[in-house]
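Each chain carries a letter (A, B, C and D) given by its place in the written order, and its residues are counted from 1.
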Amino acid sequence: MTGVLLGLAVVFLLLNLLAGLWRIAVGPTAADRMLAVLLFGSTTVAVILIMAEWLGDGSLRTVALLFVVLATVVTLAFVGTVRGGEGS
Amino acid sequence: MSSTIVYLLAASAVFGIGAYGLIVADHLMRKLLALNVMGSAVFVFILTVAGVTPEGPDPVAQALVLTGIVIAVAATAFALALMVRMHEETGLTSLTGDDDDD
Amino acid sequence: MSVGVLVDVMLALALVGLSLRVVTGRALFRDMVLFILFGLVISLSWSRLGAPDLALAEAAIGAGLTGALMLMAYRRLVEGGAEDSPGRRRSFLALPVGVLSGALVAVIGFAALGVERVPGAAGTLVLEELPGTGLGNAVTGVLLVFRGLDTMLEMTVLLVALLGAWAVLGEARPGRLHQVDRDTPLVAALLTSVSPLTLLIAVHLLLAGTDSPGGAFQAGAVLTGCGVLLVLTGTLRPAVAAGLVTKLLVIAGLTAFVLIGAGALAFGRPTMALPGTWAVYLIETAMMLSIAVTMTLLFARSRGLYPERR
Amino acid sequence: MSWHEVVGLVLLVLGCAFYGAGTVGLLRFPDVFSRLHALTKADNQGLLLICAGLAVLARDARVAFLLAVIWLVGLLAASVSAHLIARHARHAGSSHASKPERP
């Protein structure tokens, strides 16, 4: 029972991810897309943590930790890439 | 068993899409994206086809893919350096030479 | 179990959809962002497939580093005046080639799945022989003990990639990086808390890697993340020339491998036979440092790095 | 089902609800900053509830500690990222509604 519910939570969060893709597709600004990536990353962490409990694989928690630690790399690369004021 | 088939089909589809993109793309960066997509498809393929042992997926396949991931990013970094230099020298971002046609 | 298959199907759909958008999109920047998400979904798939070793590497490299590399290269192109041309070649070959190659992969896959598994397959052999190596993680065992030569050659590939990048580097232009504004105190707070944490995780992965998921590649990838963070915030600045320490660190992994692997010959043992667990730790540490330094240099597109003096 | 499973699952469902709300906000809100507002709620609160729920389910002090660390680092990373993106968006001058397509 608990296992099925955990699986359903994963499915629900994955649905969120798929829905978030729409924001990336339509934008309209680069910042909007990066926001979607931010939510994507956070949801991925949640999914991996639930998977760790669901599949009984504790090492997946390390993966989640890695995700949150390195989440800022892409954001920093983005802020350094697309200069403020450059947008169109 | 059925998850294996799901991932196998996904890997095949993604590989085909990557191959299509590699041919169709004009911008070198886009070619590189397509190439990386194909690479990931191959990794998924290797891991699904290799089968499972009692302790998760085949460790040999895992080591192979792990090696592949690191090599892929090194090759990508080199290709990007090459592309940036080419653009500095020639002002082009594609191999066809005419950037502007669509 | 049906919930599990549902998760698989969703991940597979996300992979196919994302790759389709990446390949057929019309704005390069957006497609690079989608590619980063593609890496995230691949990492989720590794987690789902029960391969945490791969999920670790993919989280650091596939989702973080490759994306950052591409964004920075894109930045340089835009700075150099390149247009974000949606240029696309019309080719009658493309669609058939794509469909056929995809079909070919599927056919090969189904054929391979149909082959009956023999008991002596490499994977099961590894698991049988693993207790004799003193290692608990089969993947690390394959990388260092059973297929050590491959891993050594992989370090060579990394070195060649770096040398190649150095060769095509412009003469007097050590990659001009556009740094993130540092006038916001949050970035400094981030650095002071996150960079020690990355070091900690890297060392943990390295030490834990002999028995549980982790190892030199994952640790090196995490350390690269730390290096990239420092480069992006301008704490490490690109240098024109490589210092001695940098050069030594770049070749450390390969050197350790060659010395210990070939040194086995001198004692009348087979090549690449590692003399004990201490050798595994030594090689792994050297590899981790080499991977981290090489990748950070590839990212900064420079020959060396020096810390910012304030 | 024992009590800790019930409590853990309830927390988990609440966390998922926050993520759902964050996604809806990301899709429905009109401009960058209000989307940012919706999203940070999901990041902070949703992850907190999910971590708490999983810690209750796991009933293991080490796991609970790791989950706490993950949440704290996630909080830090999310706030810095959100701050940087907001600054960036302001500099780009996209504070009002949408601007035409261009990275």
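Heads up, the rule we're going with is that a residue touches a chain if its C-beta (ideal position, glycine included) is under 8 Å from a C-beta of that chain, and two chains touch if they have at least 3 such contacts.
Quick caveat, the model's predicted, so the values are computed rather than measured.
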Quick check: more C-beta contact pairs at A-D or at B-C?
B-C
Please tell me the distance, in whole Å, between the geometric centres of chain A and chain D computed from their C-alpha atoms.
9
Mean-CA-position distance for chain C and chain B (Å)
13
Using mean CA coordinates as chain centres, what's the chain A-chain B distance in Å?
21
Touching two or more other chains - residues of chain C:
4, 11, 13, 28-30, 50, 65, 74, 180-181, 187, 190, 194, 197
Shared-interface residues of chain A (touching two or more other chains) are 27, 30, 34, 65, 69, 72, 76, 78-79, 82-83, 86
What chain pairs are in touch here?
A-C, A-D, B-C, C-D
In their complex, what parts of chain C are in touch with chain B?
4-5, 8-9, 11-13, 15-16, 19-20, 22-24, 28, 31-32, 35, 38-39, 42, 45-46, 49-51, 53-54, 57-58, 61-62, 65-66, 69-70, 73-74, 76-77, 80-83, 85-89, 91, 93-95, 97-103, 105-106, 109-110, 112-113, 117, 121-124, 126-127, 138-139, 141-143, 146-147, 150-151, 154, 157-158, 161-162, 164-165, 168-170, 217, 220-221, 291, 294-295, 298-299, 301
Would you mind writing out the residues of chain C in touch with chain A in their complex?
3-4, 6-7, 10-11, 13-14, 17-18, 21, 29-30, 33-34, 36-37, 40-41, 43-44, 47-48, 50, 52, 55-56, 59-60, 63-65, 67-68, 71-72, 74-75, 78, 177-181, 187, 190, 194, 197-198, 201, 204-205, 212-214, 222, 225, 228-229, 232-233
Would you tell me which residues of chain D are touching chain C in their complex?
73, 76-77, 79-80, 83-84, 87, 101, 103
Under the stated contact criterion, what part of chain C meets chain D in this complex?
27-30, 84, 180-181, 184, 186-187, 189-190, 193-194, 197
Considering only the defined contacts, which chain B positions touch chain C in the complex?
2-21, 23-27, 29-30, 32-34, 36-37, 40-41, 43-45, 47-63, 65-67, 69-78, 80-85, 87-88, 91, 93-94, 96, 99-102
